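To keep things clear, I will list the structure first and then write my remarks on it.
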Amino acid sequence: MPILPPDTGFADLGFACVDTARAARTGDPEVVFAQGKRPHEVVAILRRLAEAHPDRAVLATRCQEEAVLACADSLGDRATIDRVAGTVVVGPLPAPVGRVAVVAAGTSDLDVARECLTTVRVHGAGADLVSDVGIAGLHRLLARLDDIRAADVVVAVAGMEGALPSVLGGLVATPLIALPTSVGYGLSMDGLTALLAMLNSCSPGATVVNVDNGYGAGVAAARIARTVGALRAAAQIAPPAHG
Amino acid sequence: MPILPPDTGFADLGFACVDTARAARTGDPEVVFAQGKRPHEVVAILRRLAEAHPDRAVLATRCQEEAVLACADSLGDRATIDRVAGTVVVGPLPAPVGRVAVVAAGTSDLDVARECLTTVRVHGAGADLVSDVGIAGLHRLLARLDDIRAADVVVAVAGMEGALPSVLGGLVATPLIALPTSVGYGLSMDGLTALLAMLNSCSPGATVVNVDNGYGAGVAAARIARTVGALRAAAQIAPPAHG
Amino acid sequence: MPILPPDTGFADLGFACVDTARAARTGDPEVVFAQGKRPHEVVAILRRLAEAHPDRAVLATRCQEEAVLACADSLGDRATIDRVAGTVVVGPLPAPVGRVAVVAAGTSDLDVARECLTTVRVHGAGADLVSDVGIAGLHRLLARLDDIRAADVVVAVAGMEGALPSVLGGLVATPLIALPTSVGYGLSMDGLTALLAMLNSCSPGATVVNVDNGYGAGVAAARIARTVGALRAAAQIAPPAHG
Amino acid sequence: MPILPPDTGFADLGFACVDTARAARTGDPEVVFAQGKRPHEVVAILRRLAEAHPDRAVLATRCQEEAVLACADSLGDRATIDRVAGTVVVGPLPAPVGRVAVVAAGTSDLDVARECLTTVRVHGAGADLVSDVGIAGLHRLLARLDDIRAADVVVAVAGMEGALPSVLGGLVATPLIALPTSVGYGLSMDGLTALLAMLNSCSPGATVVNVDNGYGAGVAAARIARTVGALRAAAQIAPPAHG
Amino acid sequence: MPILPPDTGFADLGFACVDTARAARTGDPEVVFAQGKRPHEVVAILRRLAEAHPDRAVLATRCQEEAVLACADSLGDRATIDRVAGTVVVGPLPAPVGRVAVVAAGTSDLDVARECLTTVRVHGAGADLVSDVGIAGLHRLLARLDDIRAADVVVAVAGMEGALPSVLGGLVATPLIALPTSVGYGLSMDGLTALLAMLNSCSPGATVVNVDNGYGAGVAAARIARTVGALRAAAQIAPPAHG
Amino acid sequence: MPILPPDTGFADLGFACVDTARAARTGDPEVVFAQGKRPHEVVAILRRLAEAHPDRAVLATRCQEEAVLACADSLGDRATIDRVAGTVVVGPLPAPVGRVAVVAAGTSDLDVARECLTTVRVHGAGADLVSDVGIAGLHRLLARLDDIRAADVVVAVAGMEGALPSVLGGLVATPLIALPTSVGYGLSMDGLTALLAMLNSCSPGATVVNVDNGYGAGVAAARIARTVGALRAAAQIAPPAHG
Amino acid sequence: MPILPPDTGFADLGFACVDTARAARTGDPEVVFAQGKRPHEVVAILRRLAEAHPDRAVLATRCQEEAVLACADSLGDRATIDRVAGTVVVGPLPAPVGRVAVVAAGTSDLDVARECLTTVRVHGAGADLVSDVGIAGLHRLLARLDDIRAADVVVAVAGMEGALPSVLGGLVATPLIALPTSVGYGLSMDGLTALLAMLNSCSPGATVVNVDNGYGAGVAAARIARTVGALRAAAQIAPPAHG
Amino acid sequence: MPILPPDTGFADLGFACVDTARAARTGDPEVVFAQGKRPHEVVAILRRLAEAHPDRAVLATRCQEEAVLACADSLGDRATIDRVAGTVVVGPLPAPVGRVAVVAAGTSDLDVARECLTTVRVHGAGADLVSDVGIAGLHRLLARLDDIRAADVVVAVAGMEGALPSVLGGLVATPLIALPTSVGYGLSMDGLTALLAMLNSCSPGATVVNVDNGYGAGVAAARIARTVGALRAAAQIAPPAHG
């Protein structure tokens, strides 16, 4: 039974073309988007990327149960796995430069928030999680404001009505990235409600990423925090006190 | 040039069928929805309704500039006109029973908020406006909380991301009606964003009306407040102190 | 195989942060939204909430088959389970104050209607179900009108074209909450049709909650009914006769 | 200043191609859809159609103010004009065969209802209007049921939540055509709400036409009524008693 | 483990309320919508309906594999089953009065077309299927035109771009019901494309039912065909010759 | 009153940057999209483009009444204006190579069809219009089939249900471009219906452009026809006989 | 247990009507759309088509795992199977006339791109794949431009933001077909984003097919390439040099 | 004719409540959103804000023709007006700290791009415009890359298919804000296409603001650039060389 000839021109691993030169071009290694890939494929790509970048972490996102198990079996202690977030990290994290606060409205937003946290760390900035501070109980948010204000960048994660970035935008002057999640029920429209709310925020200054895109928010936040952190160090200015 | 014969069977005023018996059936007179009617028609219907209800106020909503002017010319001192809200009231307001707090996020929401205020008053409850307390400046909202908690029903009016009801829902235990407005720009989708946000609120207990429907929110709020106020009076319980 | 360190700060039960102080803040205990949680998690959270509130009922909603079985196994006679509604109640219901009529259009709406009934009861008001009174057979609805009018609040539950609240709104003067369901086929759009119909009702005075949100309608209805019922008792007025 | 040569091949009147042979092919003359045409064009096409069909009525729909005035000026007594519906009829109506009841929910639906009425009559059936029988006041609808049941076809016209056909479908066994209108405010979505509600009706047996398409409903209703009426006459059966 | 008490008031069969009196009220027995019901429930309701209507057929629609098998096991020869359509009929079909032509564009539309065919027959009219006459091969449609024109009502069934009713509308003068199906791929939007195309048809006179609603189209078609067929018999007019 | 300094860097004409080198890069001159530009701006850009391309035609599309008049006044005989299409052409058309048939369903589609015709001619191919051949009267389309089959490319223009390309796709083997228009009423959704229908056509082989985009269809068609026509000439093959 | 009689009139294989005469009518054999068909049905239809067309390839698309296995088992060496694309080809490919370049943005777009490649080849043109040239790394695309420009038609395949056709449209003058895929995450809307982006491209000249419709793009591309290739051969012009 | 009493509580200027204390709270003065305000209102609010902030610029956005004229008349040389952008600035701009590159795809995007430029400058950062570098002509964009890379933040402005940020994201490592505009025609959906494309970009690291929201993008960009610029100065690092 013949198969179509491999005329595609990119056959490193047979099933995928691993771009081992991306760090040289853009400063950061390629990241594996595991959704839709088979477990052994995720393991093989991670291995190849880790060989190409022995001195810094490489990342796979959106790993579901089987992929997580395959990574645990095959990569052992070399892999740092977060089951909630679906992330697998292989190799040592870079020393953090600058800090990002990832502020999540509810416990249901944690998978997305943790994908963001790990992405920030793999991309070279520090990251802290401030969780369960949704706007239905403002006292919780107000109690954590000093921690949040101490960051160089804030990522506000929320589903349902997506109002957290609007409230935060009136309380902090830090660069603010709004990360909508698909958490909700009834006619929540898979995160469209939160996305639209964030795009229409009455607090100016926030920017938005796609629904559940913790990876995208993490890359954007790390880019800003790294620059600010490096300049602060060069200027010998201490970072804001940490709550 | 012949016109089709009047075979419609409802020709009180030629152009409309005024239901002068509605108060007897439902407790409240018919209300004139002026949008799409010509100025002289609005005046004529209001006149006929006022004749049928000499002892209590009748209401027209969604009156645009020409209709407002026609009412001012024709009805004179008998009409109480609110240009911002587009409402015209003819006749004395009922004595207020119970109180509704109408809480508006921004000055752009005032036209809808005022339509709601007037509707509440015409339907027999008291109504106070708490304005310009959007969530981008929480201190303004917190400063007015005592006033808001003193009401029997709260109507929360907001456009853009529509987050005010969610924040209020975490702060008050009063029945809460969320009133989305079409205020916004960019892809605000004519109020759909605020409506969806309110339907997906993480604060349980709020109910929602249609976009810009200050009239509907007012009728619903007045029904609850009248009942509560009348029972409180019967029980000889003082209302909550007013801020 | 290392896991990310527990830097989240909310780890009561490892997988969730149970808010045992909510009743002190808002008057009602936290409710468990079971959808997306694993069966043993639902059981554990219910247990912890029941310990914190020994003298009144705590509630889990959206429990699917496995969660229901786990609750039946682990909680035994202490749990009152409604398989149709997906609710689990642990502990004694409060004495009912005020009454809510939950009026459902068809038998397919029963799961949502029953979630609403149980929520009302857990939140301290009485609740009666009037079922199978859809508008395709008006005689059934008219035959039950006295029962419906005897309530302090009416919740109208309907899917498909969602017309029940409009018809009821023309027949009763009671506060009316419209609860759309996702029941339908063809292009019913997961309840959007019923939701839009209810928001556009020609009968003023109804307010609306999100699709299938029996819980939200129940909380809103209970808040109004409790207030009215308590005042009626204080005023020593008998409730309307019950059909 | 040269204009592109008339290479289009259809230049009867310069600006339009009048199909004067349609009645021969389909049994009914072409109808002028005036929206987007200039007043003198509407007049000219009507004239040409009337010449081609001297013994029966021809119709223009969607005539706005200027087109109506131009027809009145130019066609004088030969034209029967309905300003509310935007219709102009030239020539004698056919003798009616069979009867259609056009049942409209509110006075705002009258323009669409009247377009339907006139279309039915021009297409050879009789038509009666039953108006202002929206479901917010069921007694009005029940009072007119005998009239409605006496028709061969019922057209139910409604905007807002579009529930009239569902209620009627439970009360009559006659063929039923649902005609949604764009009447509404807030997020009524230009008639989409009414259209979806009618498509999702819980009363089987109704069929639906496009929003505000009084013309389409009229043609469909007339086709059925003409057939039924002609057969009834042939069978020498009296039509149902007329209310 | 206690269950909520059966306070619902409609418990004929425990899980459903069978309306055995509907035929007396509306002329046709209740129809079982099997989707979402368990197989033994479908069997039990069908049995009860068949007992109540010993002399005419009763119908279940949307029966999936398990329900079909349960009906075959339990009802044996009394049941006529159409696996493609998902219909089960118990009892003798009425003698057909009038005829409906169900015209389907493609073989993928057959399940919906057959649901329609069986519904027509159970509701007392005759029904013929004309299949695989989609507009991509007009010669097939033209070859069957005489058959189609011989019917009293035409139902045009099509998915994808939904153009069949528009083409048929230009070829026949018979009452025409357009039945969109969810057949399609790419961005077909679950039948929305076909539905919108049919609502916007340039051929006047067609009416539309919801996506995949063969049942609704069948009821509507049977109502018209029965009336026309009965009158034709009374007038002693032969039906059009059958191709 | 100071204006912001001209720091934009593209100020050829003050209000626009005319790209006079595009023909050198892509083979065709820049085209002026007049919508949203002021009349004198359209004239000025056309003048400048015509100076840069003295030996071949330059084009402006979407010219509204004022822009057309300004062009007529300023450019005189040098401009060929099509008021229906909103196009202005300055300079001699290229000699046509290859032929495009633009087939329009109705007279309302003529503005878009003519924009397409002129675009084809300005881009160097021949173009013929076949108009008023909508599918509601198939005989008209069948009568013109020989003309249509004689073209190298067919553009099928239709609004409303957009079925013309599906019918044509079953009748011709020529490359086929489907051009949806926003013609329609009721819930036609500004051409979305026609666009979706064309994307979901059951006749394979058609490709689609955006709603009302006669310009885009014209460029695509001309590219194909020019290539085919030039090769046919080189091969000394006669084009298909012209109807 | 009786089954409805086979009154459908098209029963070649019992479950499907194979059109073995299509190649005679349209130049190409019928293609099997396997999605929704059972594995043995796909095999049987392919067999019958192959018998009718012994001298050229026949094609099945959208074959899922089970269908692929069934074809491998039953058809053996006669079938050429592409698991990634879900295509099965039986019989010898026609000699290629003209060439199509299928340019895919990412590895996730390969299944759709390969369906297109195989469709082109089965329909008689040559096809080359240029893959992994998404716009996030322009150097990859620029490096392959000569290959792309050497084709007679270009098909640009992309998901996510769908920008590849716009970039290509500015770089090549070849006829360009844009093929959007459903690849994406977050609010990608199942390919709607890519489809809309391609319809709104600022590079004129591209046409678009439905989401994931590699088959449709392939048929359209092959029709153009065959014509161009045949004429080039007739004119004895060498094709452009192949990169 | 009585007007409702001024019970709103915020009547500084009668028609609006000017928040003159915002700069003290958030670092930047309130900005006037002129859309929907009357010309004299815009002038009065600007005056009041300028009085409160004599030493730095205050801003009005979305000023239409009449408001621009009123500002020119009343504020004279004190106002810097940009008619294209609809902005009015009163008072001296702050000394710029850090630099923002605003990169616009086409001349039609200039109004939005200029609103962004002015907002950046009023909020204390430097801003340069790089215009007319849309992706249909990549050479223009590549020629300006050094200028773009020299900025601390890049804002990419594009309508239609919104692909510019994706292309830029593969070329620069700077923080990148994507600003979609409503520029487009056909089914561009008022900027939704560009917004969705930007949210689904295959180039990680970009964040997005609402359609046409040059103001929001400007505030976000200025916040980042000010921080980076100030730290760079403190560290005595020269900014990147300016192209």
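All chains are identified by letter, namely A, B, C, D, E, F, G and H, in their written order; residue positions are counted from 1 within each chain.
Rule of thumb we're sticking to: a contact is a pair of C-beta atoms (placed from the backbone, for glycine too) under 8 Å apart; a residue touches a chain by one contact, two chains touch by 3 or more.
Computed from a predicted model, the values in this text were never measured in an experiment.
Chemist: Tell me, which chains sit next to both subunit C and subunit F?
Modeler: Per touch definition, common to subunit C and subunit F: D, E.
Chemist: So which chain is farthest from subunit H, going by the mean of the CA atoms in each chain?
Modeler: E
Chemist: Work out the mean Cα position per chain and let me know which chain is farthest from subunit F.
Modeler: Farthest from subunit F by mean C-alpha position: C.
Chemist: Return the distance between the CA-based centres of subunit A and subunit B, expressed in whole Å.
Modeler: 45
Chemist: Using the average of all C-alpha atoms in each chain as its centre, how far is it in Å between subunit B and subunit C?
Modeler: 28
Chemist: Nearest whole angstrom, what separates the Cα centre of subunit B from the Cα centre of subunit G?
Modeler: Centres of subunit B and subunit G (C-alpha means) sit 59 Å apart.
Chemist: Tell me, which residues of subunit C touch at least two other chains?
Modeler: Answer for subunit C, listing residues that touch two or more other chains: 137, 170, 186-188, 192, 195, 199-200, 209-210.
Chemist: Hey, which chains are touching each other here?
Modeler: Touching chain pairs, listed by label, are A-B, A-C, A-G, A-H, B-C, B-D, B-H, C-D, C-E, D-E, D-F, E-F, E-G, F-G, F-H, G-H.
Chemist: Given the complex with subunit G, which residues does subunit A contribute to the contact?
Modeler: Subunit A residues touching subunit G: 1-4, 7-10, 16-17, 25, 33, 35-36, 62, 190-192, 195, 209-213.
Chemist: What residues on subunit B touch subunit A, complex-wise?
Modeler: Listed in rising order, the residues are 105-106, 134-138, 160-163, 166-167, 169-171, 184, 186-189, 192-194, 196-203.
Chemist: Would you pull the subunit D residues touching subunit B in the complex into a rising list?
Modeler: Residues in contact with subunit B: 72, 76-77, 79-83, 85, 107-108, 110, 114, 118, 128-132, 137, 185-188.
Chemist: Can you list the subunit H residues touching subunit A in their complex?
Modeler: On the subunit H side, the touching residues are 26-27, 31, 152, 173-177, 195, 199-200, 204-210, 215-217, 219-220, 223-224, 227-228, 231-232, 234-237.
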